[in-house]
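Here is the structure we will look at.
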Amino acid sequence: MDYIVILDKTILIVAIFIVSLAVAAYATFGERKVAAWLQDRVGPNRAGPFGLLQPVADGVKMFMKEEIIPNAANKKLFIIAPAIFMVTALMSSAIIPWGKPFEIGDRQFHLLVADLNIGMLFVFAMVALGSYGIMIGGWASNSKFSLMGALRSSSQMISYELPLGMSIVALILFAGTLNLTEIVEMQKYGNWNVFYQPLGFIIFLVCVFAECGRAPFDMPESESELVGGFHTEYSSMKLGLFLFAEYIHMFISSAILATLFFGGYHFPGIDSLDLAPNIAALVSIVVLFSKIFFFIFLFMWVRWTLPRFRFDQVMNLGWNVLIPLSLLNILATAAYVTFF
Amino acid sequence: MQENYIKQTEEVPEYTYLNLGPTHPATHGIFENVLTMDGEIVKGSVQTVGYIHRAFEKIAERRPYYQITTLTDRLNYCSSPINNMGWHMTVEKLIGVEIPKRAQYMRVILMELSRITDHLICNSVMGVDTGALTGFTYMFQWREKVYDIYEQICGARLTTNIGRIGGMERDFTDKAYRLINEFIRDFPKAFEEFNTMLERNRIFFDRTINTGAISAERALNYGFTGPSLRACGVDYDVRVMNPYSSYEDFEFDIPVGEKGDSYDRFMVRQHEIRESIKIIKQALNNMPDGKFHADVPEFYLPPKEDVYKNMEALIWHFKIVMGESDVPKGEVYHAVEGGNGELGFYLISDGGRAPYKLHFRRPSFIYYQAFPEQITGGMLSDAIVTMSSMNVIAGELDA
Amino acid sequence: MNPKVDNEYIVEELKLAFNDDILLMDESYGMLGLEIKPSKINDLLKWFKEHPVIKANFLTDICGAHFPDLKDRELAVIYHVQSMENNIRVRIKCFIPISSPKIASATNLYVGANWMERETFDFYGVEFEGHPNLQRILNVDEMDYFPLRKQYPLEDGTREDKDDSYFGR
Amino acid sequence: MSKEITMSSEPLEGYQGEGFLATSLDKAVGLARSKSMWPLPFATSCCGIEFMATMGSNYDLARFGSERISFSPRQADLLIVAGTIAKKMGPVLKKVYLQMAEPRWVLSVGACASSGGIFDTYSVLQGIDRVIPVDVYVPGCPPRPEQILDGVMQIQELVKNEPIRRRNSAEYKALMASYGIK
Amino acid sequence: MKSLTDRKKSVSKRELTFAEKAYLPAVLKGMSITLKHLFKKEATVRYPEETRERAEVYRGMHVLKRDEEGRENCTACGLCAVACPAEAITIDAAERQPGEEHLYREEKYASKYEINMLRCIYCGLCEEACPKDAVYLTDRIVPTEYSRGKFIYGKDILVEGVKPEERIDISQRKKDYKMDVKD
């Protein structure tokens, strides 16, 4: 294997890691700001100019805070749970095409860690693994609130995995590939999948909300009921990891949403410009990130507007509404693909 | 009935116990529920209250009549003016004073404003407990405006100590009128916005409907009053049944629900806010001329200028402040429609400077005991919603 | 057509049903007040609740009071009942000796009486016989006196920042 | 009976050697902590409502980085005790305080929490400083939201100037011991 | 139960229309409302840089007034202490000595006047009880402190200064006070 490939991938992995963390950090800040603006408030503005250092302050504080491991907790699992949650959150970033390839010399550098031909399946696997972090954390805390949070979370994840997968099945039927790069390339020139799969998109969006545990599906936390849900007993940076991972999940989910349904790094108009490859690559990254930020904003906007479902209603919505709808969507798509 | 819940919690070993409170986010005030849970289903509950018991009734036996307003302020602190007025009216009833129409109308305005704030806090907090925080912040801006009005009238925001025995402590200033007018002009629009966010939103609808339901018969047996009783379909409202402070002059409806569930309680409160606006409008339009206090020199402090110059006024002033005015012996029960229901004052006077015995009939205290019955069989989330829709105010609960 | 239910009507009806047991009847500030033998309190409440015309089926309140000067009737338990349909309220009082403060519980008639009675017990030590769970409700369980009886002080006793002589109390 | 937390400004034992680096770390950490005080509102009564108003749009506690309410004591930095604490509640309050992770601060909001206020009665604790150490007292019954903000800012001031290792100092341990903690 | 009054109005609307059942319309409506607020000017008053307007009659920190000649008004009658439900006021009276006429207006004065600001509930009853125009609440707020001892405010803090610029203006409060309406 070429050492340049290793170097290229290493740099890319580190870059994505840092970017994910940075985006997640600033998403926490963004969340607070957006919440404030939606509520006619100002939001954090004391830490640094315009409060921009707020995430740093939070991070430092959490690092310096005392670690508490409850006596009754299962110590090993208690410690490992946030790590699992964090790692799985980061791992699904591996298959997202972040932009058009750079060209240095005669070599193309793809902004993609692993060009898996089963990219979508990998995402599902990682998302499914993520719920283990919550489950283990909630269970190991040995607190009833945490346990209930964990239980709610795992059953919610399982229920929403199905419609999530099926809404993608329709998309895959339509696209004819599992490879994300190819899916992105298909959506060039404004040919976005959302126009062909509107129902699939809505189902996918709802499921992503549920998978991320964001309101109105924030069952695992449900602050007013379960205090903090699965992370009630966590303090210090372990809590930090949980909170962070939630935003990384959000970031990655937004990236996947943008990639699958909104043309990834393509944008009508910009696609047709005849830019130099490196500039085009840069522009494409910007395009993708603006889409991602829009979705992150959507996540927040919804969270601060809607009330939360009740646990059984979440299940009901998943099994009785979304699954039939996604089945219908598959049928319709299959029919379309077969007959036209 | 009560004992069944306790027995259930003791018998079945596979149930889990969940300690809801005393510092759970949804208990707002402080009370404890040990829930017996079968998974997410609530099987029973044991309540503990008294976490902020402050011995109001004992203090009241040591304080002159006029100082008891500081206690009633803190009874249901979401609607202090109603409590204060209720207390003043109780004493006025005891000493047989009829206060001028104008003062009565002023009291009505204040009481309805505080009913609005009380219901607003309940309903917007219900939003918070279901996860929708934003409506709460919108409504709190309007609550702030009501606070501004209070501040103009009495100088405080929450614990108002507003009104005096025999009338009001001062007339509404022009600014106070202006603020009230602005409030009733602008508030309904913002309120409808809040309404749109929750009332017909299916998520909220599903969360609240059929949760914590109680039948009218059962509610009456428990001693429910106020919005919680009206949600069951009983149109009992002290303002209409036993009008006080000229409530008979005003046109308003009594909103009632059907099933007595959280949704009905929410809706009843929402509509009562609208009715309150209607009452305030009428009171402002028909505000009679006249004095803002009755002429009772033995209970109502003379104007300060007189106190400085006039010996007789000074003597009255001393007598009132020292609490040496003669109060008839007797027993009075007076009830007002508080934010949560019939707020009763039962006063035994032995002619001394302080009440011999003062008992507050606190609606929250009485209806909160139905809580286990209401939540049993529901889910944990229902219990939370039920709790916030009941609007149990800790200050009133524990007195 | 039902007769008009007012205080006179209730007094007439009461005389028929409870002639000897009613110790005192008065009217203060428009509300009818009764004093009844403690042993008969449940019968009276039941009578009020089930009376076809009066229909006083709402227990507004129960509270206690302490009159140290009344020999052998130091503690009072005061009930307020109300008929919503007829819009009339009645106050019922029972006096019991402090040496054996026992009275029948109204919890069988009104579920809501439960906490009101517990509160009265907590404050005055009135023992309601037949109450399902007569424990302290507002105060800590360890408390060994009944704080609202007149002989007990109001103050916490640990406050250092005041001098009582300034307050004329 | 006021128990005062005295701040030690001089460097603590075994600490001098680290010199400049350590003090500037102290400063940086203090600064960061002060901007990210996550409160645990122990709101029992009237003051709790004013605390809500402080969180609301008109006053916006969020500006100080403190809007992220942690109802779990493990995650909170600042215990805001707002409202009457009855004797029945005292042990609960102490338990909550003990469950909080170090470093922790306590803001006592309002007359009742700070001193008992008008409730000089058999059932009310005459100031929470009989159970847990208090860092800042906010007067008022209830205080205006401005005063609560003042209190939070004063806590921030305290946090900013606090050496990281204060929590291991003998003074601090003595203070804790006087409350029977650990 | 039959209706008790003729004003009953049922407000329970327990059926959802199809659009309401489909979640999305209500969700979008709600989101449009919050979005509107995103572009609205924020309601926050940025304390401490700016302060929200307080009413002139706001009941905040006390002041002990002097008269126009700079003499203390208080005569230590103790009515404020009696009227105080929190028992927060402590007064020691002293006789005015010859030669102190420029300091105290009346023959008796308060040699010690302390208010425990942490006990005080700012109810305004002391102001109302004062027969000598001496104690007033003002719209100043009491600062927060690190220790409990600092809240005992003595005469050094409570009494206003002699110089005109040190005087605390309470005229507005006085004007409103017991303002009788012409009848």
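Chains here go by letter, A, B, C, D and E, matching the order in which they are written, and residues are numbered from 1 within each.
Following the convention adopted for this analysis, a residue touches a chain if its C-beta (ideal position, glycine included) is under 8 Å from a C-beta of that chain, and two chains touch if they have at least 3 such contacts.
All values reported here derive from a predicted model rather than from experimental measurement.
Visitor: From subunit A, how many touching-chain steps at minimum until you land on subunit C?
Guide: Graph distance in the chain contact network comes out at 2.
Visitor: If I average the CA coordinates per chain, which chain comes out farthest from subunit D?
Guide: Chain centre farthest from subunit D's centre: C.
Visitor: For this structure, which two chains have more C-beta pairs in contact than any other pair?
Guide: Result: the chain pair B-E has the most contacts.
Visitor: Which chain's mean C-alpha position is the greatest distance from subunit B's?
Guide: For subunit B, the chain whose C-alpha mean is farthest off is A.
Visitor: Going by C-alpha centres, which chain is most central here?
Guide: If one averages C-alpha positions chain by chain, the most central is B.
Visitor: As a quick test, compute the distance in whole Å between the mean CA positions of subunit B and subunit C.
Guide: Distance between chain centres: 24 Å.
Visitor: Per the centroid of Cα atoms for each chain, what is the distance between subunit B and subunit E, given in Å?
Guide: 22
Visitor: Averaging only over C-alpha atoms, locate the centres of subunit C and subunit D and give their separation in whole Å.
Guide: 44
Visitor: Provide the C-alpha centroid distance between subunit B and subunit D, rounded to the nearest whole angstrom.
Guide: 31
Visitor: Any chance you could list the residues of subunit E touching two or more other chains?
Guide: Residues 1, 4, 27, 30, 33-34, 37, 42-44, 46, 82, 85-87, 116, 119, 121-123.
Visitor: Name the residues of subunit C that each touch 2 or more other chains.
Guide: Only 84, 87, 138-140, 147, 154, 161-162, 168 qualify.
Visitor: Taking each residue of subunit D in turn, which ones touch at least two of the other chains?
Guide: 1, 57-58, 60, 63, 71, 88, 115-116, 118, 120-124, 141, 144
Visitor: If two chains touch, include that pair; go through all of them.
Guide: Listed in label order, the chain pairs in contact are A-B, A-D, A-E, B-C, B-D, B-E, C-D, C-E, D-E.
Visitor: Touching subunit B in the complex: which residues of subunit C?
Guide: 28-29, 31, 33, 57-61, 63, 65-66, 78, 80, 84, 87, 89, 91, 107, 110-116, 119, 123, 132-133, 136-140, 147-148, 150, 154, 168-169
Visitor: Taking the touch rule as given, give the residues of subunit D at its contact with subunit C in the complex, in rising order.
Guide: Spelled out, the residues of subunit D in touch with subunit C are 1, 87-88, 115-116, 120-124, 126, 130.
Visitor: Would you pull the subunit D residues touching subunit B in the complex into a rising list?
Guide: For subunit D paired with subunit B, touching residues are 42-46, 48-50, 52-53, 56-58, 69, 71, 83-86, 88-89, 92, 96, 118-119, 121-124, 141-142, 144.
Visitor: Quick check: in the complex, which residue numbers of subunit C touch subunit D?
Guide: 138-140, 147, 152-162
Visitor: How about subunit C: which of its residues touch subunit E in the complex?
Guide: For this pair, the touching residues of subunit C are 84-85, 87, 161-163, 166-168.
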